[in-house]
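Take a look at the structures listed below.
Here subunit A shows up in two complexes: once beside subunit B, once beside subunit C.
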Partner chain A sequence: MTRAVVGKELRVLWASPVPYVVGALLQLVLGLLYVDQLAARRQALFQPAVPIAGFLLLALTPLVCMRAVAEEARSGTLELLLAVPVAGRPLVVGKWLAAWITVLVVLAPVVLFVLLLEWFGNPDLGPVLSGLVGLALLAGALAALGVLASSLTSTQPVAAMTAFFVSLLLWFAHVRAEALSVGGVMDRLSISERLRGFAGGVVDTSDVAFFVLLAAAALTLAAAAVDGRRLR
Partner chain B sequence: MRRRGLLLAAALAAIAVLGFLSDRVHGEVDLTAGHSLSLSRQTKDVLGQVQREVKVTAFLLRGDPSRAQAASLLARYRRRNHWIAYRVLDPTDTPGEAARLDIDPTEGGVALSSRGQVERAPTVTESDLTAGIARLLRHHPATLCIAGGHGEPSVEDGAGPGLSTLAGLLVTNGYRLQPLDLLVRPAVPPGCDGLVLVNPTAPLGPAQSAIADYLAGGGRALVLNDPASTVDLSPLVQLYGMTVVHGLVLEGDDGARLPDDPLSPVVHDFTSSSPVVRHLAPVVLPTCEAVLTASDPGRGLSVAPLASTSRLSFLSRRPRDTGTRFDPAVDVRGPINVGGAADLVANLGGHVRRTRVVALGDSDFATNALVGEGGNARLLVQALDWLTLQEDLVSVSTNIPALRPLSLTEARTRYLRYVTAGVVPALFLLAGGTVWAVRRSR
Partner chain C sequence: MIEAVRLSRDFGGREAVREVSFSVAPGEVVAFLGPNGAGKTTTIRLLLGLLRPAAGRADVTRPVGYVPELFAGYDALAVSSYLGFLARMKRVPRAEVEPSLGAAGAADLAGRPVGRLSKGQRQRVGLAQALLGRPPSYVLDEPTQGLDPAQVVEARTLLRSLASDGAAVLISTHLLAEAAAVADRVVVIVRGRVVAEERPGEAGDLERRFLELVGRGELT
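Here is the complex of A and B:
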């Protein structure tokens, strides 16, 4: 079931202009900002690309995910899907996998940066690898949040905006966290702080677990929301 | 319906518990070359002792290549212990904050503060940060004993040749000063964390043995020699792989001396990896002599040359006779080494005893008249920091990541922009357009 959903979602997604426009935007802004960073630092570092790409994913992943469930709900095809005895989980996981794969493909040309760094300098490949792992995990978590937002509404722009603002809150969760009584918790929820270790070259199991569990929590809630529609 | 709600709550609770556990019990893989982001055991031990807020403020220019690494390193400290809070500021954006924390905005540096106490360090490296935190945690300030009684300049003397400015600087840096009259009582008290011996002009007599005994017992000393003195301090430092070679260094390079003054070298060659001279601004050393360091000092002893004058300098062995002329028969061609740092480690049945000596061929640079010049003050503070730190802290390996210069000309920058921000986005749009056209043609 999940595989079928993934295949169908990928076909629909890549037949739409969304991944192409998202890819062009992401690579354009990332390319400009990253090359500026390289020109300023004059060091063969991949590290500056990670937070830039991370923040761009924050803004662009919801666009890839917004239609996942919301469009099905709007067009009425979700009711058809829910009429067959299929649990919400494989449906949601399939849509999430398709969105994640799409975001990874859109992100993939960052590997070109590494080749260019190798050409003009001698980058440390360890942080490159960890940075790519961090971005892939972040993309997975953001895609899950996007699918969750999409499952809560039948309006695509609302789904995209909701996912973006939730992601934004998580990105800046650490800001002024020390002033709050729950500062420690907020700090741990900050996806930008979690990404920082990957960017630097360190893969921490707690950071990996954070992104995996964030995705798991979002998908669990999304599956519950889809199942809730069936009951309605 | 209720069962579904319970299942959902249980699933989310399980995820929350897993998240909590993964934060508590976690491991890490440092993929950087040389594991430059792995915290050493010593750092972890020190961080384990932090139970009150320690604010770390690093001042690094936005274009500083080490800025990102510094932020990553500080994040690791915070990850290890959440009492550590940190900020990375550009000193040009925040001159007021830099001034408040007594950080020179042109040099940058890092300030660590806790409960009103502030410690400073020159670089955002593991050794400096850990040492700074350790100093904050120290329940009592390190005591520096200032040797006196044999014509040494006084820490109470506010005139040009005195050391009152240096004394104030050391107190600001968390040291307690204890003047010693080694003429009246030739003994170094056990409470001395370090001894400062500045240019004695009268023979030390029994005080020399007292200092030698203090060092042999794991003491730490900063020994500042001077060509103006007839007292030979070599016997004190020779045991630690260093020799004071008397004479006068004459600097021939206009770019490495005070204007038209060959007797005042401005030393900027700090090729040593010793933390004593790390990130130092040029040091002005008027009328200095040479300090040689042994290349093969022996078991347990490591000696590092600290700084040297230019190739155009020389050591005049008989300056009264030859003036500023080079005499190939007796004089020594530059570069002339003018300082050394020795570290002797002895294992005494499970107990490690560590003796440290820093010897420099000049003392004028520490006086009120010159301590504010260039990197003079910082050299003294770094030397004493290195000397007096506890042995379990100073062995923290430096984690300065290797610089990886990027050969980026204007043309290459344009090329990079063209490829990354031009060609790649265009390919995406082209692919999208092709798909659209194919679908439209069907």
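Here is the complex of A and C:
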């Protein structure tokens, strides 16, 4: 069932202009900012691309995910599926996988940057690979937050804004964390801090587990939200 | 079998349906009649498990073929892909798509994108998705809305044939002629309460009886 949802979601998503626009914006802005970083550092490093791409994903992933459940609720197809009845879990997992695959495809051209680095210099491939793994995990967690936000409303812009601001809060969770008595906790919740390790060439299992757990928690809540629509 | 047993539901203190009871036996077509806002859609949503009743219970033999009042589909998909997806969701073989489209008079629409269908075509595709797997129960909200007269006749024949095959068919409709033509019984709901449950008789008789039950003011 999940496979059928993934297939349908991918067909519907790629029939819309959203992935193309998101991909163009991501690559354009990332390219400009990354080249600027390379020019300033004069070193063949992939490292600066990771936080830039991560921050851009923060803004662009919600656009890919916003229609996931919200549009189904608005158009009435969700009611049709719930009447079958289809459970929330395969539905949100299928939608999340489709959104994650889409974001990864949109992100894939960053590999060209690596090829260019290889052409002009001799980059260390360890941080390149760990950076890509970090971005893929971040994309998965952000896609799950996007699907969660989409499951809570029938309005796509509201879903996109909710996902963006929650992601933004998680990105900056470490800022002024010391001033709060829960500073340590906030540090651990910061997705930008988690991504920093990957960018530096370190694949820490606790960072991997963080992104996996964040995605799992968001999807569990999204499935509960969809099931909650069945019996209101 | 479709059965509503003393179903009640309110929204924010406003009573939507109260102690609604009726049943549709296998092999029977029952028309659910009532003016706008009488509680027909709420009752249907309670029967399908889309709303939780405040009291009472709904028993519907699953799976159930459901046609919502407004067609719901994915504009980007071709009709055959849309039905193929719903077949997977209903755990029905994809091979069921073609006969369902044929039975609903929509075989010629298989390759058309859902987003480019006319209202009548959408309604036929909506009927086709309800037929997937030939379920034992059907809940159809305004199933002939938007169809041309010839298609209405075909749809009525289809509903009767579903009942002949042993299915329980509940149709919600505003059209008294339709209820008279297709239903074995009519259930009339007014202000959230079932006020009559009887055989439809001729269309003219039904219209007179309906106006009596509802009151002319309710219809304007």
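Things worth noting here:
Operating definition for what follows: the second predicted complex is superposed on the first by the 232 of 232 C-alpha atoms of A that agree within 3 Å, B and C clash if a C-alpha of one lies under 4 Å from a C-alpha of the other, contacts with A are read in each partner's own complex, and residues count from 1 in each chain.
Here, contacts are C-beta pairs under 8 Å (C-beta built on N, C-alpha and C of every residue); 3 or more make two chains touch, one makes a residue touch a chain.
All values reported here derive from a predicted model rather than from experimental measurement.
More residues of subunit A are touched by B (comparison of subunit B with subunit C). Touch criterion met: A:Met1 reaches subunit C, while subunit B stays clear of it.
By the document's definition of touching, both partners, subunit B and subunit C, reach A:Ala15.
When the shared chain is aligned, subunit B comes close enough to touch A:Gln27, but subunit C does not. By the document's definition of touching, of the two partners only subunit B reaches A:Ala40; subunit C does not. In the superposed model, A:Val175 makes contact with neither subunit B nor subunit C.
Shared-chain residue A:Phe120: touches subunit B; no touch with subunit C.
By the touch criterion defined above, A:Leu221 reaches subunit B but does not reach subunit C. Put simply, subunit A uses residues 15, 231 to touch subunit B in one complex and subunit C in the other.
Against subunit B, the residues of subunit A that register as touching in their complex are 14-15, 17, 19-21, 23-25, 27-32, 34-35, 38-45, 47-48, 106, 109, 112-113, 116-117, 120-124, 126-127, 129-130, 178, 184, 187-188, 193, 196-197, 199-206, 209-210, 213, 216-217, 220-221, 224, 227, 231. For subunit B in complex with subunit A, the touching residues are 1, 4, 8, 11-12, 15-16, 18-19, 22-23, 26-33, 36-38, 62-63, 65, 68-69, 71-73, 75-76, 79, 82, 85, 401-408, 412-413, 416-417, 419-422, 424-426, 428-429, 431-433, 435-436, 439.
Touching subunit C in their complex are the following residues of subunit A: 1, 4, 7-8, 11-12, 15-16, 75-77, 79-86, 230-232. Those residues of subunit C whose C-beta lies close enough to touch subunit A in the complex are 48-52, 63-64, 66, 68, 70-74, 76-77, 81, 85-86, 88-91, 129.
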